[in-house]
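Two complexes come next, and they have one chain in common, subunit A, joined by subunit B in the first and subunit C in the second.
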Partner chain A sequence: MAAFPDLPKHSGSGERDAPTQLEIKLRRKARFNAALRYTLLTVVGLIMVYPLVWLIGASFKTNAEMFSSPGFWPKNPTIQGYIDGWQTSTPYTFGRFFLNSLWIIIPKTIGTAVSCTLVAYGFARFEFPGKKILFASVIATLLLPNVVTRIPQYLLFRDLGWLNTFLPLWVPSALAGDAFFVFMVIQFLRAIPRDMEEAARVDGANTLQTLVFIVVPMLMPALISVCLFQFMWTMNDFLGPLIYLSSVDKYPVSLALKLSIDTTEAFAWNQILAMSVLALAPSLAVFFLAQKYFIEGISTGGVKG
Partner chain B sequence: MGGDSRYVGLWYVAPYVIGLALFIAFPFIASFYLSFTDYDLLSRPEYIGLDNYKKLFTRDRTFDKSLKVTLIYVFTTVPLKLVFALFIAVVLNYRLKAINLFRTAYYVPSILGGSVAIAVLWRYIFADTGLVNMAIIALGGEGINWFGDPENALFTITLLRCWQFGSAMVIFLAALQSVDKSLYEAAAIDGAGPWQIFRSITLPLITPVIFFNLIMQTVQAFQEFNGPYIITQGGPLKSTYLLPLYIYDEAFKSFDMGYASAIAWVLFAIIMVLTLIAFWSSKKWVYYAGDKRS
Partner chain C sequence: MAELQLRGVEKTYGNGFKAVHGIDLDVAEGEFMVLVGPSGCAKSTTLRMIAGLETITGGEVRIGEQVVNDLVPGRRGIAMVFQNYALYPHMKVRRNLSFGLKLKRKPKAEIETATDEVSGILEIEQLLDRLPKQLSGGQAQRVALGRALIKHPEVFLFDEPLSNLDAKLRASMRVRITDLHKRLRNEGRPATVVYVTHDQVEAMTMGDRICVMKDGHIMQVADPTTLYERPANDFVAGFIGMPEMNLVGCVLSHDGGTPVLTAGRQRIAVPEGLAGRLSAAEGAVRLGIRPQHLQVVAADEANAFTGTVSNIEFLGHEVNLHVEVEGAQFVVVVPSAELDKKIGRGDQVGLRPLGANIHIFDAESGINLSLPAD
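And now, the complex of A and B:
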């Protein structure tokens, strides 16, 4: 809350040489206010981040040390958890599960970006019969809980012979099935002026050329946001793989991690924590490399709604 | 595709139309039909009228328990999370130098929060001898049985989701930053105190995003699955057995697709009614500043 107006600048000339009582009081109050905010934010921030920091430290601890001290730093650091955890109790290593995640993420991310671009362009730049009702369906889908469509979707994929393949996990997204992203790109596109596109059209470009050469470059920030969010959400997705994948050799990281809890829990905590760190690492790395796109993305998709 | 006919736009939205028909509209209708059938995947769905719904509302005590737990979960998690997110956004919305650093630190948990790894972490830090109890004991308190006690288990999941307040906070913060500063100055000159300014200027101006966050968080909370499934498996004594877990068990463990669809439709109806109430009441409390809405 910027509740206090900016304090008058102290000019040092004329009769306003010494600050008035009121100015001193206001300035002291502002300084106290800022200190209070910093303290509060720091305390909350530490509480927020400490579990993650602890996780990283704990993954280098021995099992015996895990539950004996709340500290971050391991007394006898060891990477045994990583070595044993990576092997898993299955015939496959975690390398296999990371690759599986990748084979889901790549088509899903590319499919989402391409389909959202086409669909958003159609909605934001053209008039066509049925547009109003179709756009209303985007909003309705945004609010529609997945839980109500999940069972028939499963039956549909079963009839298509897609069970225990990656297809159910990415094909719907490649047909612009994630209303959140469609909506986000439409909002972004609506805010871009049309002058350049109109100039290109006058020069004889068709609509597809205009899209590819004029619109897509301007859409890039939004598309990067879409890809980053889709990457994160797919890494985190658990229920989809749980329903559709039945053989361990196809498990993505999320499912493999759950499997290792079920099979190794009783004795090997450090293995599970070590693999949790690895499972979070790609998302954390991507987030820190590109955080401005996340913040922008969530503000565009959310606030202008 | 070329040409300027009035159907060009339709070509571009065609992928969406196909996806909508195949993966959303058709399953939506099919699940409504399935909820009136008995279907075990082996034989064809058999129409049984309202039997599924009758059983749900009269004889199914698991459903009663699960519904109650779900409502408690949603009505504690959503308000706690939103109030906390708004509070932090207000504190952060000040001429602080480190605003971006804080915003990032707070946002990280919501990026990771849905993952299995974080659910695993939660099991460890709320274990009997975990991080949280060690901290409580160090401060002179008494350790709490977080997951073993049916009274506490659900709240531990609520805490996990409140920990992810970041995305709601970023949306609040963006709205707060777009409030016209001259309004604050005018009010301060007129002698309004900070709390008064917050209540009569800030709060009304950000009601659109409060409304948005409220709807999105509520729809999300009703569908919570990963947390209870991985951390507590719905227990102890079904105290974290939310409706999505029940639907999953009925559909994919008991293969009772008809009954699971009926539960899904009850859940859907509850979400719909609450959403409609929110939209209807929004006319009374959500403030749209004339032309500012795009």
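And now, the complex of A and C:
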């Protein structure tokens, strides 16, 4: 640098020292815009998150304080709500309901992942008679409102003798009944070039080996999303268990929460809120654990120039 | 290793489009056969039918003694290298190489020896623990090559393996692949290769023989020299050679025993050596002369075309002279040293064919009429 003392003068540094009037104005405007944007987003964000914050705060309040003070911060924080809520008014603790929820969710999620992969692989990669009509019916189920099928489904499962078992909750999903997930995996698969699968076939892999060793690993981000959604939606599903489960010992968390409202004469709101907080926890935990893969997308493509 | 035979092979796609129209091709054991042709001429389709990735809708493919039409790719004894490498993205290079052997349940020790051998040959030892996304294009292509090599296949299939590489890397990979082919031959396990490309330089430099294709038909199968010197038809003549052969419509007539070509107002006599082969032909033909086989002479000389210089491209050791003759564009390659420096755009020059280096093609069928009958 020292050898060329005249060089730096031509670079932008000279101008940077003395910004023009216009530049100052533009910069001020940009800063103002940014401030406005962030304030707005923060305010909206707070409004959206406030009920959740209130819920958590209120779960540590006493039942008496619940409606007497509007703030979310408990005056005399107590975990009595958690202790009493956990015991429930039934012969079972809340732990039982959590286990029930898991017992519904885990087979359902696995079944969904497996069946969606198989069906999507078939649709995305193979030609077979009737493919167009079958695919159209998958899409049609996607557009069909859930309510429409409730009653026929109920009658069907009643005739099969499946009422008050978990089967009506598991089986439709394990048979790729969730058209949305099938569609999602198909779209994902369509974006993956077939070369890798063809290379595997040349390497001697049969269809199943190609699926397991090549396609499934490449589908992982999509499958993780599928599992994540299925987990959260099932955890929060109220109607399904309400319709098909009648004995309390099979109730999942979503029904158990309602149970505490039904059976108590004076609602123990603090208990209900405490259990609601617990009911949120698994979904949140799973979401944050899977977030990395969920967002990652497919950055591992084999194509590179 | 084995020979490969295609007998009347056809391909009609599901949408009714007929891509391959009954082709016959023999690739000898250990031969390096290049399929070349413009994009869309069904090179890949043909290769994929050999591989078993595309159903064969007519005819027969044999590898060795066996008809392989109904065999799955894994049973055909082939290995394939894809244009986009098609490495398994979630597997390390080592597993990419050994995947095929693992599926065949080869013993672990054998797989390891084979991996070491192949990675040694291709100089990819230091890449074995990388994922495909951590490889450069050239490295990825070497791994893809290794994945084919490790299986000791009967037939190697390549589908434009170099077209994703930059020019310099392409040249060195070209040499690497031909060297490898020679090496296998010298080691006593000659590899039968079918190599698809749209690049005539690759075809000419790599192929023992070249199969030129157009619209699902084979135009000519021959070694590079024959293809260049004795193209069977005007398509092959135009496709092979740089710059392209000049092709111009003419009328062939016989003027007292000597065949004469007339283009517009200009006439040239067919050179001595060729005259005898053309005694039966007459009427509309296409004259083909390579840019290297034209000599610049003074305008209006006898037995030369006269035209106007429309462009001059200086390439260093030679110059491409574009000359417009009777509405047709001629390109002439002249060594820089020999070019008259006074020639400029708009000047009139004469172009005379050198010796008997001209080709006369039937105007309709495109068949080369000037080939010696042998």
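Keep this in mind: the second predicted complex is superposed on the first by the 266 of 305 C-alpha atoms of A that agree within 3 Å, B and C clash if a C-alpha of one lies under 4 Å from a C-alpha of the other, contacts with A are read in each partner's own complex, and residues count from 1 in each chain.
Convention: a residue touches a chain if its C-beta (ideal position, glycine included) is under 8 Å from a C-beta of that chain, and two chains touch if they have at least 3 such contacts.
Nothing here was measured: the structure is a model prediction, and the numbers come from that model.
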item: Subunit B versus subunit C as contact partner of A:Leu40, first or second or both or neither; value: first
item: First (subunit B), second (subunit C), both or neither touched by A:Glu127; value: both
item: Subunit B versus subunit C as contact partner of A:Met218, first or second or both or neither; value: second
item: Residues of subunit A touched, compared between subunit B and subunit C (which is higher); value: B
item: Which of subunit B and subunit C A:Met196 touches, first, second, both or neither; value: second
item: First (subunit B), second (subunit C), both or neither touched by A:Gly204; value: second
item: Subunit B versus subunit C as contact partner of A:Phe32, first or second or both or neither; value: neither
item: Where subunit A meets both subunit C and subunit B, residue numbers; value: 127, 206, 299, 302-305
item: Subunit A to subunit B touching residues, read off their complex; value: 1-5, 33-34, 37-38, 40-41, 44-45, 48-49, 51-52, 54-55, 58, 66-70, 115, 118-119, 121-123, 125-131, 134, 137-138, 141, 143-156, 172, 174-177, 182, 187, 190-191, 206-208, 232-233, 235-236, 238-239, 243, 253-255, 257-258, 261, 269, 272-273, 275-277, 279-280, 283-284, 287, 291, 294-295, 298-299, 302-305
item: In the complex with subunit C, residue positions of subunit A that touch it; value: 127, 193, 195-196, 198-206, 209, 213-214, 217-218, 220, 299-305
item: Touch list for subunit B against partner subunit A, complex; value: 1-3, 6-13, 15-20, 22-24, 26-28, 30-31, 34, 88, 90-96, 98, 102-109, 111-112, 114-118, 120-121, 124-125, 127, 129-131, 134-135, 138, 163, 167, 170-171, 174-175, 178, 181, 184-185, 188-189, 193-194, 197-198, 202, 209, 212-213, 215, 219, 222-223, 225-226, 229-230, 243-244, 247-248, 251-252, 257, 260-261, 264-265, 267-268, 271, 275, 294
item: For the subunit C and subunit A complex, residues of the former touching the latter; value: 14, 51-53, 72-75, 78-80, 82, 84-90, 99-100, 103-104, 131-133, 135, 137, 140, 147, 151, 164
